[in-house]
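After this come two complexes, each holding chain A, first together with chain B and then together with chain C.
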Partner chain A sequence: MILNIILKGLILLLGAFIFQVSLSGFSRKVVARIQKRYGPVFWQNFRDIFKFLFKETSISHGFIFDFGVLMAFGGTMATLIFLPYGSFEVIPGQTNFIVVIYLLAIGLLGMAMSAVGSANPNASIGISRALTQMLGYELPFLIVALVIMYINKSSSLGVLVQNQIQNGWNIWSMPIGAGVAFVSVMGMLGKKPFDSPIAPAEIASGPLVEYSGKYLGILMIQHDFATVIEVGLFVNLFLGGGQTVIGFAIKYIVVYILMVIISSFLPRFKVEESVKFFWKWGLSLALIQAIISLGIYLI
Partner chain B sequence: MNVSSLIIIAGLMSIVIYFISKFNWKLGTALQTITFLVFGYFLYSTHGDSQSVLKIFNGVNLRFAISDFNYLFLLIGVSVMFIVSIFSIDGIKKFKFKPAYNFLITLIFVSILGVFGAADFIALFIFWELLTWAAFFIVSMGKKFSRKAALLFLFMSMISAYFLITGIITINNTIGSFTFEALINNYDLLTYSIKIKILIFFLIAGLIKSGIYPFHIWVRTTHGESPHTFSPVLSGLLLKFGFYIIYLISIFFPISYIISSNPAKLISEIPGSTFFAYLGGISIIVGTISAILQNDAKKLIAFSSVSHGGYILLAFSFGTSLAFAGGLAHIIVHALTALGMFLSIGAVYYRTGTTKIDEMGGLIKNMPVTFTTYLVSIISLAGIPPLVGFVSKWLIYQSLIVRGSYFLAFAAFFGSIGSFMYVFRPLAGVFLGQRPKRFENVKEVPVFMQVSMLIVTLLTVLFGVLPGLILKPIAYMQQQIGIKPIKASLYKLFTELTTLDMVIVFSVFSAGFIAALIVFMLFAKPTKVKQHEQYTAGEIVPELQTQPSIYHYAKNYYKPFARIFEKFPSLENWYRKCANYLSNIFEIFEEFFYKESINGYIWLITLTFLIVLFIRWF
Partner chain C sequence: MYTKKLMKKIKNIIRGHSLFMLHYCTGCGAIELPPTMTSRFDMERLGIAPMATPRQADILLVTGYLSVKTLRRVIYTYEQMQSPKWVVGFGSCTINGGIYYDSYSTINELDLYLPVDLYIAGCMPRPEAIINGFSRLIEKIENDNADGWKHYRDNRKWYKKNQKHVLGDSLYTTR
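Coming up: the complex of A and B.
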């Protein structure tokens, strides 16, 4: 039983790694074609990650700098376990939405701690922006998720997926909410126009400014895992997850590439602008969706 | 042991502790700690009903009881006092009036026993006032502006006490007795309007004492200015007095009678219930935003207490068994997290003499234990599994989701995500970042302070992994007072929506961490560098070595966020304007009566005397 879970968990981590790293390599190609460039090969991201991991020199700024990276990486890997991927669940029945949201936060907190622990002001500015922006994008997303959980009377992602397979996808029954969640997930991923926390030209890549060598390699993997969780949440909540792993992966690829394409021709928001954007448009649309869905549900 | 003898012994001990502290303050504080521990043991061993009567003058009897409805509160009270008292053995070193401080803290302990152990309203009120009196003197021993803060505290407590006594007298007028028992037995005698009246009086008294939204103004100054060993008691325990009143009145009135049979009736009978839940929601949002904008660490935690008070009020007035259990659990959770945060900031203050976030930095190298306590407490406060903060928030969320209350859920989410912002500010500003030159030789705090912080840390982790340790007593308590109990097991959380196994969450998280550690260890060893060796875009910044604080980003940490709220109206300003307006109106009376001469007062006394005489005459 336990051995089975460990084996499944390792398969999941390896699979998610290979899948998402190739996909982000592919997305670089997509962006390049939009900008009329040739672009790198799709395995370029593997090259980058392994180059960083095997570097002989890397700089450490003390205990918390290391510990935060471990917390971020470990927390994100732990969160991956609690998500259903089509028919694939690592621990059957343990796919709670609220656990996923909160465990994801532990990764962010670890990352933030480590970055600020480097004592570089650019990193601190980036983290303060990232936390501020988080108050923007999480709220509309959670409100929409709440509506889904209320209507389905369950906060387990596995049950939500099963209900969608029976009754049709949530994106058709609540299109406004799906739109809001889509933009929120873009905010979570730090895609443009919500990339002020890592703005390279202003604050030298923000939180990542002091990382090098294996730290940077680990954080790149962590970012890819976090992407799997966030986009995976959207697929599970709105696109009916998938009956098989392949079905899940196809939906995932469509959503991810769509986000990459949209973000590739948008400029950057100032951080307070993006918070205001999420509160003004995201929240009000989420609440409208809540009222509509509640009305339909009660009738 | 029953409560009345415990109170008498504690009262006598306060005098003993005072004199021993005069002789040797460390011995006195240690004696105080041992006293609290022994009392805790006695309370713990007297499980089950135990009634007792304390006779005071004129045949007035004060009734006390240890019963299922207050057993948990008594234990929380004694534990918090015990932990803070361990901290004080080293922590009160720089205080001016150590014997008096110890004396007053023991009195506070007495009043905690009295309020939580009371079985009639007169006993409750007497010890409630004793608490205000003792806390007033302790708060005024604190920082520079503490006297002003103490006055504000006294003023707000007085208003609260007036409401409380009015409510108590209304009860007595209707049923002719002050005891809890008489109230429960004669519940049917109360008419609807009287019920509402009593409820409103008690709730306002409780809301003021617990610092909920329109009455939160005293929390910031009082917590911020009071001595650093007393702030944890204020936040972890004294705010809970208000919730205890709300809890009591919600047992007596609607909840125990109505929830078990018909939850919907609660709303029809008590129109205020939903209103108060919304007040809790507003309190969460206001507390969170205000906390994010603070630069003083203690004031920041004070506002976080306002926000978490909002959670408790929301849970209590929401009216389901699950939410009620969540509220009770959140009282324990917030007591623990407030202890952890205030004790660690108090430890920092003990060594550095400041609580301003932007004046410090990089203290993790000097104070690792303090940092660990703070880190664990904030992770718990933000509600991240597998720590205890997750348990209560989970219960509250689940009850909100089941009922589909969107505004309240929005407020709860807002408070939860906003808490990441405000807890991170002291973490970044005080413990991480560039360490200023003058704090290079700061040492970790003495051993007793470390011990008390470690206790808090361990409890936070323990209760998080095994939530049954707090949920089982709560479920038992709910059963005893007639509410449908929640399902509780040692390490599983049950709700109507789903089941969660905390041990699985904890082991998956540990496994993830170990996997990360293995990956980390696989590759080449990193080179350690000093804090001034930074990326500076290729420029050499010579000041970085001599003056590291210029490279520390802590001032205006959330400036972009503050810009959003620049034009928002402030309640405190509004209160101030009202006060100015009133003082302008009454200037004429001031001229007349309060001239700075004795005549005015004689005028006033004579007039009062004449009025009283006049009333008596006719």
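Coming up: the complex of A and C.
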């Protein structure tokens, strides 16, 4: 039983790594075609990650700096286990939304700890922007998710997926909420209008400024795992998960490429603008959706 | 022994096709880089991408002349980079001083102070020349010939002597 779970977990980590890294390489190609370029090959991101893992790493900024990187990586890998991927669940029945949201914060906090440990002012600015922006996107996303959980009387993602397969996807029953969640997930991923935490031309790639060699390789893998979790949450909550792993993967690819296309022609918000955007439009639309859905459900 | 050799070959191939570039824009050379990076000549298809900080970069691209003051910053930047790292001298100014060859405040030969792996000659080199130069650098890295960083580590005394000769004793102070 335990051996089975460990084996499934390893398969999941390897599969998520290969899938998401090739997909983000492919998305570089998509962006290149939008800008009328040829673009790199789709396995370019594997080259980048392995190059960093093979690099010499002689710079460290103390214990917190090292530990925070491992905490972010471990926390993200642990979160990955609690998501249903179509018919594939690592621990059957253990797919609670609240656990996922709770564990997801560990990754960001580890990153924050580590970046502040590097004592670089650019890193501090980047982390403060990332945490400020978190205040913006979490609130509307959680309101929409709580409405779904209240209507279905369950916080288990597996049950939500089963209900959607029977009753139709949530994107049709609550379209405004789905839009709000889509934009919130773009904020979580740091895609283009909301990429002020890692603005390369402004604060020299923000929290990542002091990382080199193996640290940066690990953080690139961590970012890819976090992408799997956040886009996977959207697919499970609104697009009905999937009956098979392949169905899940197709929905995932559609959502991710749509986000990449949208973000490739938008400029960057300042951090206060993005928080204002989320609180003004995201929050009000989420509340409208909550009133409509709860009204229909209670009447 | 054989696996070690194979591993080294694989590492070199991966390194050659993923080059993150820190362009130190001192002179006029920087103006040729935007067309090389963007849609017209598209440097990204070779796996070369611009990077914001020296910690994450593999190539230090010195574009144009270096005055004595900027040389000090370039040396700091180079020493912050992580170890398989390469320096590309860009334009005539880094080879022999170019049109500033008799200026009192610029250095003429970059190779005396930092180990240059590849020069791209011209005043200024066109984007085609830059792409050509980078494909030569990729070839050199794949064949394990681009080992300037090893040379710098082994002959540190000689390089430091040259650096001190122009910078004076202020090499290790920040201002």
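Just so it is clear, the second predicted complex is superposed on the first by the 298 of 299 C-alpha atoms of A that agree within 3 Å, B and C clash if a C-alpha of one lies under 4 Å from a C-alpha of the other, contacts with A are read in each partner's own complex, and residues count from 1 in each chain.
Just so it is clear, a residue touches a chain if its C-beta (ideal position, glycine included) is under 8 Å from a C-beta of that chain, and two chains touch if they have at least 3 such contacts.
A quick note: this is a predicted structure, and the numbers were derived from the prediction, not measured.
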item: Which of chain B and chain C A:G213 touches, first, second, both or neither; value: both
item: First, second, both or neither for A:F248, with chain B first and chain C second; value: neither
item: Touching partner for A:F278 - first (chain B), second (chain C), both, neither; value: neither
item: Which superposed partner A:F182 touches (first chain B, second chain C, both, neither); value: neither
item: Which superposed partner A:F269 touches (first chain B, second chain C, both, neither); value: neither
item: First (chain B), second (chain C), both or neither touched by A:K55; value: both
item: First (chain B), second (chain C), both or neither touched by A:L131; value: first
item: Which partner reaches more residues of chain A (counting touched residues only), chain B or chain C; value: B
item: First, second, both or neither for A:D66, with chain B first and chain C second; value: first
item: Contacts of A:A204 with chain B and chain C, given as first, second, both or neither; value: both
item: Contact residues of chain A, present in both the chain B and the chain C interface; value: 54-59, 204, 209-210, 213
item: For the chain A and chain B complex, residues of the former touching the latter; value: 6, 9, 13, 53-64, 66, 69-71, 73-78, 81-82, 91, 93-94, 96, 98-99, 102-103, 105-106, 108-109, 112-113, 116-122, 124-125, 127-129, 131-132, 134-135, 138-139, 142-143, 146-147, 149-150, 153-156, 159, 204, 209-210, 213-215, 217-218, 270-272, 275-276, 283, 287, 290, 294
item: Of all residues in chain B, those that touch chain A in their complex; value: 362, 364-365, 375, 379, 382-385, 390, 394, 397-398, 400-402, 404, 406, 409-410, 413-414, 417-418, 420-421, 424, 427-428, 432-434, 496-501, 504-505, 508-509, 511-517, 519-520, 523-524, 526-529, 531, 533-535, 537, 551-554, 557-558, 560-561, 563-564
item: Interfacial residue positions of chain A with respect to chain C in the complex; value: 28, 32, 35-40, 44, 47-48, 50-51, 54-59, 200-201, 204-205, 208-213, 216
item: In the complex, chain C residues that touch chain A; value: 11, 14-15, 17-18, 20, 38-39, 42, 44-47, 51-53, 55-56, 58, 81-84
